[in-house]
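One chain, chain A, links the two complexes that follow: it is found with chain B in the first and with chain C in the second.
Moving on, here comes the complex of A and B:
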């Protein structure tokens, strides 16, 4: 409390000025923080607590009576084959999509970074970044029509190559991969920009030294670029994992979880249980599991990142 | 160096150019599809190019639905959210960076912790609270929960901490109140960070789909992403209408991006580094 004031010489001279200045500062803190904290309280802190509490109830907003059921929702969850399937699909989606995302964005970013003609470099970056600013819901709809069986773009291309058409979104073997393809198109721009920034921050002297020693491109990439890019890599992988766990519009719009629940990710399952089936208690229990997964994955990644840095 | 450069770089550029063309393909598809006539689609002749380009799709978008209202809904909510979020972030950032009070650390950690919470976890209670406040189907339901951003507070605090204390003390000696100090001195100094945060806040609220989907059912209250899905539901067969709507909401965003590109990309790189 007093530390901030003691540095001010003018206030030391006159105790009356000191107390008014102090009071003004306090009033400022209170007036500015109270509304902000109120908003955080009502729309962030309270919902978290509420969600945890709600998961112990059987609650349907239409009949508006909540019945305490204890751990029943959680027990039911692990006997619910659709929930278990959605858990599996979510992990499959996140794992495959994040892996491909990081590999291709890293490759594209290092290729773009090496382009030395400024307008061309900017142009490439812009083209790859463009899809990220369009609403994902819109992108999902545009891709929906490209995946059309009869007159979609992809089957048109397959026909040109004399290949049989594919049921992109309704064949259980392809549906998830089709959504992954669309997600990657819509999303790789962010990571490309982040990787380019990370690559730009690596001092040239490392590369010059390596070239003098006659190291090959691949060697330089593995032993200089990758280790020095670790911080960016960690940041990118955490944010991508967390955001892919929450992927929603593409699944809700393109496949609605079908075919045979092959694309029913957890976020879609929570949404449908809560707002289509009105099982809000059950959906909250799923949301709790969802939260635990995200926290666990983030902590694991942070720990992994720290042990890597220590070397 | 120069000789090696030309061959390898030429190859890199060629590969990048091919991938870039593939990236642009969905846009080409979207624009060409929006120009197809209903006849084109019904006949199923199937081709990338419309055989008889027509503006039927665009006409239907404006005649059949309150498209302008939807655009305005999106614009109004996004602008309000952005302006207020910038203000609350700077204000809270300033208090957390340059003022002392009891429980400061704990409060800041609590606010940071909410960054880790996925929206799916809080959407059910947030909906119940919004319903309790009588805001369902009201644009305030979109605005109110989004006026503060834990990420914004965090970024603002980081940047404001770097402002030298002497500068603030000098202004205080001149008799500036804390609010004036924040508006006149702190905010201009963190403008680069604020403009990046502003662009992202605007984009996020413009593109937000899940929350409006939950709280807005009334057709006249819908925002742009919901509007697209609405068209998709009613015009799955005549997808030229859907594609026209998609073009109409994508083009302004692209133009805006091309104008603010520099701040955008800098801001993104900045948030990644901090």
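Moving on, here comes the complex of A and C:
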């Protein structure tokens, strides 16, 4: 309806004026975009292209020679048990952490959204958002001390409960979950704020109608809240998946990939191959595969999360 | 037209700004110069360790007093990032004039012609022990000078009082006695070890002990073509012995492995009775923990053979080929390596001398009595060999050791894994 009205109005405008206005508008958009596009080009697209090229070479940054090896780095990758392990660990981490993150943040956001006292609601929002302000590296160091086997907070609590201490970061059964725990603590604030905004934007009339129909809370959540929150959910899940795929500082600081590579995520493996082992070409090949994986997962999410809902 | 020009100018400004950001000069690395008054500025990098930084600062100050025309800009970096920082600076062609290197890192730089050869190599190398010199040598030429003999073998920290409480009045004199002592000294509360009898489970010592147990049986761990060979009965026996200390003898465990504290920290906190570690840890005990009721004693040989061992080259200094002040930089290294200065450096840092005349000087032993176990065996050390990726090498042994010691893998499979992964990695660096 609104589109039809604007078209009619546009038809009444002189074509010459329309063309000038259009050009000015286009110029403004281009001028606004050029700096950011240049920055993207220099700092994002160029390195990606460079890395793609480098993945066909055997290249040690200390050496002046790079040897062309074609697809050898890619072939080697799929025979490399540590790479395959890191791929598995990355998917495991992303799947578990994203799932828990979304469930927890949605529950907390729903609970906060029900608080009707504004200062209390803001207070909760602030409390949950606070950990995200701290740099992840600093948070990882602090959590490292809490996970300490001898004097760490968690084992002190277990001792008070007469339970055996746990090697949080050096037992292969617990290490990944310990890092997930820390990541969730540090990160859920963002998604809570986003979900609260999404929940706030759902018009009350739907809930009122459901109440009049006698729908229960679970029904309301399942058939009204979730579908109308789908766009927020899509945004949250894509950004969380991408950011968890790229998780690095907590692994580098807390476990360095150990024990037995149980926490060796792909970003850490790429970093170590590039900067510790000086295998820049091999690391670039891994980075290329990593890029493709993230791209594919994001495209799949976009497709599956597509929604026609409007409110 | 006007619009296109504007866009072009804007684009150029953006590119110039971006380029300026990428290429702006930094004070780090390669900024040596001689100013208009002929004063030479040298940039010197080292890793951060309190005693080592202090020792360098004293010698820099002394050197600058003796050479008023030279200024040394000393910068330090945490150990964890130092190796990457060095690589990045050399690959960006902005290295410091003088850099502290760990010996095992040097071959990667010397083979790429990034370091200046030490003059009169042939004579200079006679002054040093072979083991610490290994990494700095290439085609019989020296590309740096070691300041210390990196030795993790031959000596251990003990708490004499803990031994006395178990009726043990002298340190163990053979391997059987060592294991027996360790069992007696281990204190448990239910299944949890409260005081470890003999702790060797550190990132360095698992590997060094494993290699020394092979060598002490008269075997070698280096095969052909830069490969390691762990398919030997001696390697099998060495690894089985270490695994047994955890699984059967139960004198230590894996609980503190990978934690932020060193095994020596746990020793000085009273959580182990005997800890196999290098003599450099003595400084930590005395300075950080203010503990002095400990001793540093010899670790007996695994066999009847002398306690031979493998060693890395230790910390040393090298000059970058990119340096514009190579002569002055070499002169500074020569100055630090002079007998008196290096003696002070080794004493201040509790490191074992790489230079024979210092290690064999009775005065040095008199001033550093704790170092006797290490000094006694220096001639028995052999260079660990041309390891392409030191961290990878150690990590493979440590990871597989943990799997073996926790019963998740047999010793045979563990050794086969270690050998395969290390040899693959060695091949990648050819």
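Keep this in mind: the second predicted complex is superposed on the first by the 265 of 311 C-alpha atoms of A that agree within 3 Å, B and C clash if a C-alpha of one lies under 4 Å from a C-alpha of the other, contacts with A are read in each partner's own complex, and residues count from 1 in each chain.
Just so we're on the same page, a residue touches a chain if its C-beta (ideal position, glycine included) is under 8 Å from a C-beta of that chain, and two chains touch if they have at least 3 such contacts.
Since the model is a prediction, treat every value here as computed from it, not as a measurement.
Chemist: With both complexes superposed on chain A, which partner does A:64 reach: first (chain B), second (chain C), both or neither?
Modeler: After superposing on A, A:64 lies in contact with chain C but is clear of chain B.
Chemist: Going by the contact rule set out at the top, does A:161 touch chain B (first), chain C (second), both, or neither?
Modeler: neither
Chemist: For A:128, using the defined touch cut-off, is the partner it touches chain B, chain C, both, or neither? Pick first, second, both or neither.
Modeler: After superposition on chain A, A:128 lies in contact with chain B alone.
Chemist: More residues of chain A are touched by which chain, chain B or chain C?
Modeler: Higher number of touched chain A residues: B.
Chemist: Looking at A:205, would you say it contacts chain B, chain C, both, or neither? Reply first, second, both or neither.
Modeler: neither
Chemist: So in the superposed three-chain picture, is A:185 touching just chain B, just chain C, both, or none of them (first/second/both/neither)?
Modeler: The first partner, chain B, only.
Chemist: Once the structures are superposed on A, label A:111 by its partner contacts, choosing first (chain B), second (chain C), both or neither.
Modeler: After superposing on A, A:111 lies in contact with chain B but is clear of chain C.
Chemist: Pick one for A:275: touches chain B only (first), chain C only (second), both, or neither.
Modeler: A:275 contacts both chain B and chain C.
Chemist: Across the two complexes, find the residues of chain A that touch chain B and also touch chain C.
Modeler: 35, 39, 42-43, 61, 144, 150, 275
Chemist: Over in the complex, which chain B residues touch chain A? Could you list them?
Modeler: The touching residues are 5, 8-9, 12-13, 15-16, 19-20, 23-27, 29-30, 33, 41, 44, 46-48, 88, 91-92, 94-95, 99-102, 107, 110-111, 114, 116-129, 131, 144-145, 147-148, 150, 153, 165, 169, 172-173, 177-179, 203, 206-207, 209-210, 213-214, 224-226, 228-229, 232, 239, 242-243, 246, 249-250, 253-254, 257-258, 261, 265, 268-269, 272-273.
Chemist: Quick one: in the complex, what on chain C touches chain A?
Modeler: Against chain A, the touching part of chain C is residues 3, 6-7, 10-11, 14-15, 18, 83-84, 87-88, 90-91, 108-109, 112, 114, 192, 254-260, 271, 389, 391-392, 399, 402-403, 421, 425, 428-429.
Chemist: How about chain A: which of its residues touch chain C in the complex?
Modeler: 27, 30-31, 34-35, 38-39, 42-43, 60-64, 82, 144, 148-150, 164-165, 167, 169-170, 255-256, 258-261, 275-279, 282
Chemist: In the complex of these two chains, what residues of chain A are touching chain B?
Modeler: Of all residues in chain A, those touching chain B are 1, 3-4, 7-8, 10, 21, 24-26, 28-29, 32-33, 35-37, 39-40, 42-48, 50-51, 54, 61, 108, 111-112, 114-116, 120, 123-131, 133-139, 141-146, 150-151, 153, 156, 185, 190, 193-194, 196-198, 201, 232, 235-236, 242, 245-246, 248-249, 252-253, 266-267, 270-271, 274-275, 280, 283-284, 287-288, 290-291, 294-295, 298.
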